[in-house]
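Structure, as structure tokens:
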Amino acid sequence: MINLASDNVMGASQQVLEALIAANHGAEAAYGSDHHTAEAEEMLAEVFEHEVKVFLVATGTGANALALAALSPPWGAIFCHEESHVADDECGAPEMFTDGAKLIGLPGLNGKFTAERLETAIARYPKGVVKAVQPAAISISQVTESGTLYSLEEIARIAEVARKHDLGLHLDGARFANALVSLGCTPAEMTWKAGIDVVSFGATKNGCLACEAVVFFDPARAEHFPFRRKRSGHTLSKGRLLGAQMSAYLRNNHWLDNARHANAMAKRLVDGLSTLPGVRTPWSTQANEVFAVLPKSTAKSLADAGVRAAPWYELSVSLSPDQKIGSNEVFWRFVTNFETKAEHIDQVIALAKG
Amino acid sequence: MINLASDNVMGASQQVLEALIAANHGAEAAYGSDHHTAEAEEMLAEVFEHEVKVFLVATGTGANALALAALSPPWGAIFCHEESHVADDECGAPEMFTDGAKLIGLPGLNGKFTAERLETAIARYPKGVVKAVQPAAISISQVTESGTLYSLEEIARIAEVARKHDLGLHLDGARFANALVSLGCTPAEMTWKAGIDVVSFGATKNGCLACEAVVFFDPARAEHFPFRRKRSGHTLSKGRLLGAQMSAYLRNNHWLDNARHANAMAKRLVDGLSTLPGVRTPWSTQANEVFAVLPKSTAKSLADAGVRAAPWYELSVSLSPDQKIGSNEVFWRFVTNFETKAEHIDQVIALAKG
Amino acid sequence: MINLASDNVMGASQQVLEALIAANHGAEAAYGSDHHTAEAEEMLAEVFEHEVKVFLVATGTGANALALAALSPPWGAIFCHEESHVADDECGAPEMFTDGAKLIGLPGLNGKFTAERLETAIARYPKGVVKAVQPAAISISQVTESGTLYSLEEIARIAEVARKHDLGLHLDGARFANALVSLGCTPAEMTWKAGIDVVSFGATKNGCLACEAVVFFDPARAEHFPFRRKRSGHTLSKGRLLGAQMSAYLRNNHWLDNARHANAMAKRLVDGLSTLPGVRTPWSTQANEVFAVLPKSTAKSLADAGVRAAPWYELSVSLSPDQKIGSNEVFWRFVTNFETKAEHIDQVIALAKG
Amino acid sequence: MINLASDNVMGASQQVLEALIAANHGAEAAYGSDHHTAEAEEMLAEVFEHEVKVFLVATGTGANALALAALSPPWGAIFCHEESHVADDECGAPEMFTDGAKLIGLPGLNGKFTAERLETAIARYPKGVVKAVQPAAISISQVTESGTLYSLEEIARIAEVARKHDLGLHLDGARFANALVSLGCTPAEMTWKAGIDVVSFGATKNGCLACEAVVFFDPARAEHFPFRRKRSGHTLSKGRLLGAQMSAYLRNNHWLDNARHANAMAKRLVDGLSTLPGVRTPWSTQANEVFAVLPKSTAKSLADAGVRAAPWYELSVSLSPDQKIGSNEVFWRFVTNFETKAEHIDQVIALAKG
């Protein structure tokens, strides 16, 4: 079986696993006061070239929901892409953690919304008008749910809108590393220099087992976070589990190497698939995800041969009308990861070729 | 340093760590559909000799809050000991997860409340009286926050009240194994046979890194649990992390061996401390926790020598009036664990002896 | 001043006011156990020709939010028009009362969505898929936010989708009477016969001071409602205030007479305005609201003469592209009520004529 | 029937009713922007001799829950008497409106807790300790649930604790006027001069139909209140209903006259009952409530003759051990109001005398 359904199907990378083993020995203070967590926090400050407030948690949904709760009151509006993970794939976690804020889903091709569309949406909820939920935050995903990227300019334009309306700007970086190496910029450039206030810095998909960091660039925004994290059950008692993963993940550019590999495998896959008749890739492959429209017969061959991909939402608003999925087609997502083997990719392409 | 402040200061046991390493290899379905989780579920069914619905999570607070949310509507009352973990040590997680249910804290010596006191409390909130929150659930801790145990008879009496008023009965088993080996009964006897509906089955403190199971004996009560877990960010994407821990924890009675060791170390400690002049242990040591009232001078010697214990709440309602902490005394909790060394215990006793 | 900004600008009708005066005398049981409330409940059963569970509250937002909370769990999805009152004009009340359910706003011209569009939206949230909020309810407004009406056939088609997916169907009837007399059907036909499960039966705008009824046709759905109402502070202690208003409102077809008058005044207004050059009414006037696009100069004349209307949202998705508001135009809502005078309407028309 | 079960059994006073009638005529701006509301706000500023932020709502539960939500985050602790209205009689409204804050019920005789007991309770939840909910607010009732009063000195001592720990201090004044005339002080003295931050200023029980004001002395605390009120459905569209009641209530000392009358009637009742053999009044009658322990035979005579009182909670913690209710006794609450007739009181006494 070649499992490309998700980057969650792999365990930890060897480097992360070894760090877990090494960190297991001896007594450590509980609840995140351990040395490994402290080290991870310092490393993230270096990575971002900025003072940061860091909170490690075990899941991306926890990270996103806690981050958004730090930005929005219960009567707040949080603007995001209509098909973003926070809007559609977390079973309402942001609504739970914010105590009922409203996520305003914006349409947009390729998994992205524009600053202009954002402005229009904000105008619907005027500040101070009591019947309207109050604009509070914006959340963008980098990598997006369509496997695409916002350019630094696009982020900056959205950030400008955020500043203009005094909204917090959150970046869901479940695949932060994959985006970063693709853009070829620094973590600082992709975040606070572009106007991001809070990052869900994902590590699970790219080498860890269960580790994400919520990273604040302004400590004031993090004031109540320790209570929110504890209250939601996301403060691990044996904090070393998180601290050891994150510090190992960051050490010696391990995270960047992992992401580069995964991205390269995705490129190899998309390059191979694109040449095949009847195969379309409506969204450009900018990181480690390939979204492909395949003839049903091709899909069947792959499935029969044990290739696993994730059937995708065929009515996605991120598809333009001329990209509609036909009745003889399927829409599949392939995700590569830090351990994906080139020969597996080649096998998939060969199988698709038939 | 000899750290007896908590059973959270240790990492994983060797057996659990090795299982994590072994489970790391290869692709596995995400979000708890992996083989390790399936195995853990089967093993828990065997452990409890009952059909069970099992949900693995990474934290005890997550487990407790999710379990209580399955038992109580937002307008429900949940009866528990006034100083229970759910009432006092989870920053209001049960209130968050139940969307605002009310925890009714019952007083009681030794960390326990009685069936009689419970009846009185329930009477305050008559069923159908709209202004009153509605009795919905009872939560007991086994081991209690005072390191003591409910006897099977005491649990059964509380369960009788639960049945009489149609309330769900939750057992917070953060130290389930320590209680079990101390009582010398079976998991079934301490739970569903005694009338328990849902268990927070703790494994973190006794050998895992981050793993707890919410165990339901009636699948109907678990109907909405998958959504609650996902929505609260407690569904790990790489479910093998939890599944591998739990199955290793249960394999070959590892969990019971660990608990027996920890309990023996606690007994060794309390036996040694009890003989010392000026030292009192107001709550009997029934599991792996020793609560000791020490002369300040003794405490200072221990602290100076690098012994870590947890200062405890001196105004605890679980202390009887004649057990009050004097002005020259401190109240400390010592917790032993699966790796605590006998020579360390002896060292502590020797240091306390002065 | 001629105030047509809202139907909330008037007090109570004479008949309702007199009932309040009459009901004021003597002792009555509190919290809705009074005779007036009982009478109102009986009258609503007659009005709807069905067994009903009735809960009186003082506000439309309270009625809607409580009704939706009865239909959706916190992880539920509630489908409604993108610009419906529950979605946009209640500051997130449905999210608060449901403890964080997600309102899925559907686009649609004329303030209405179609059964087809609804089906597409539901498909995005498959039942049993844990990451997706779970389809739970549908809410339609009758009169819509665009002053239009769903035909009985349109309601029935939406109800079919509701039944197919086992979703509760809510009707926001803030202007129930205005819709009813316009359609010329019975209350039963516009509700349970068409497949509606719960109605927010508005009375405030059409003759009361503060009175709405939440009406359930299936008592099982109302099981927890008394606790929800109390817990949200919507159970009035002196229930006669609500009971007396509602029974007076319904007596001798007072509510229908009021609605007929208001609708007739709106028709008079729209008929007058339509003939004027440069004036457009993009949404058809089916009840007591006229939405008019006016030249700025006309609007200024009206405002200067003391005519009050409500500036409307110019980017409304209920406008088709060819109905866009021009830069020399304004978009205004005029609302007539049970006391609106024909001569005032004529005055407005004359002023608009210039 | 003589109904003394509650002060909610009466309608509006004549003065208030007439004001409602007078206010009914003509168009008024909606949602609290009407002239009557403006007038009520000004009058309350005069009553309190202080700048105030005033929010009118229709219910006491709404007022209390909204006020507490303005003082406490979801992870906050709100200290109140164990049997206070907010703790026991609002079906968890404070928990709902605060999104899950924890009400810490303090014991205390006569419906009151002491500053000392409060200090002990606060010590249990240290500021900054993440596992503990964070002390946020204190709520006292004046009149208490036992019909007693805090002296100004007692309030000041509690306020001192509030200031020391930086906690907001709320006064539940459902019977504010009854307390005020009993103490013979000014509204300022009973509130901000004594250290109160927010008042639920009740008017419903003492002459209105449905009207309470939440009064803030520091506008900063009220910053988000408009959104909270709207979002909870407590912003009435026809605001004149509330504004007209409140301004009439305050005009010409009407509210104080009403309260004086009610208190006098209670005094007349308690004076009469006290002389009867076998009758005890465990809590002193300081306002308009008489709590009496009656022989069952006496109670039967009263009930048979059509006297209505409210059976009270016999296990109340506000009773000292020597005040326990015997098996041949009942515990009843009698409440007088602004319209209670002296001859009715005398009749009750005569009936009790038997």
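The first chain written gets the first letter, and so on, giving A, B, C and D; residue counts start at 1 in each chain.
In this text, a residue touches a chain if its C-beta (ideal position, glycine included) is under 8 Å from a C-beta of that chain, and two chains touch if they have at least 3 such contacts.
It should be emphasised that the depicted structure is a prediction, and the values quoted were computed from it without experimental measurement.
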{"item": "Set of chains whose contacts include both chain D and chain C", "value": "A, B"}
{"item": "Chain whose mean Cα position lies farthest from chain C", "value": "B"}
{"item": "Higher-contact pair (C-beta pairs counted), A-D versus A-C", "value": "A-C"}
{"item": "Chain A-chain D separation of Cα centroids, rounded to whole Å", "value": "51"}
{"item": "Between chain C and chain A, distance of the C-alpha-averaged centres to the nearest whole Å", "value": "41"}
{"item": "Per-residue overlap in chain B, given as positions that touch at least 2 other chains", "value": "31, 74-75, 90-92, 96, 99-100, 130-131, 227, 230-231, 235"}
{"item": "Complex interface listing, chain C residues touching chain A", "value": "74-75, 88-92, 95-96, 98-103, 120, 123-124, 130-133, 313, 315"}
{"item": "Touch list for chain B against partner chain C, complex", "value": "31, 73-75, 99-100, 130-131, 134, 224, 226-231, 235"}
{"item": "In the complex, chain C residues that touch chain D", "value": "1, 3, 5-6, 8-12, 17, 20-21, 23-31, 57-63, 65-66, 90-93, 96-97, 204-205, 209-210, 227, 230-238, 240-241"}
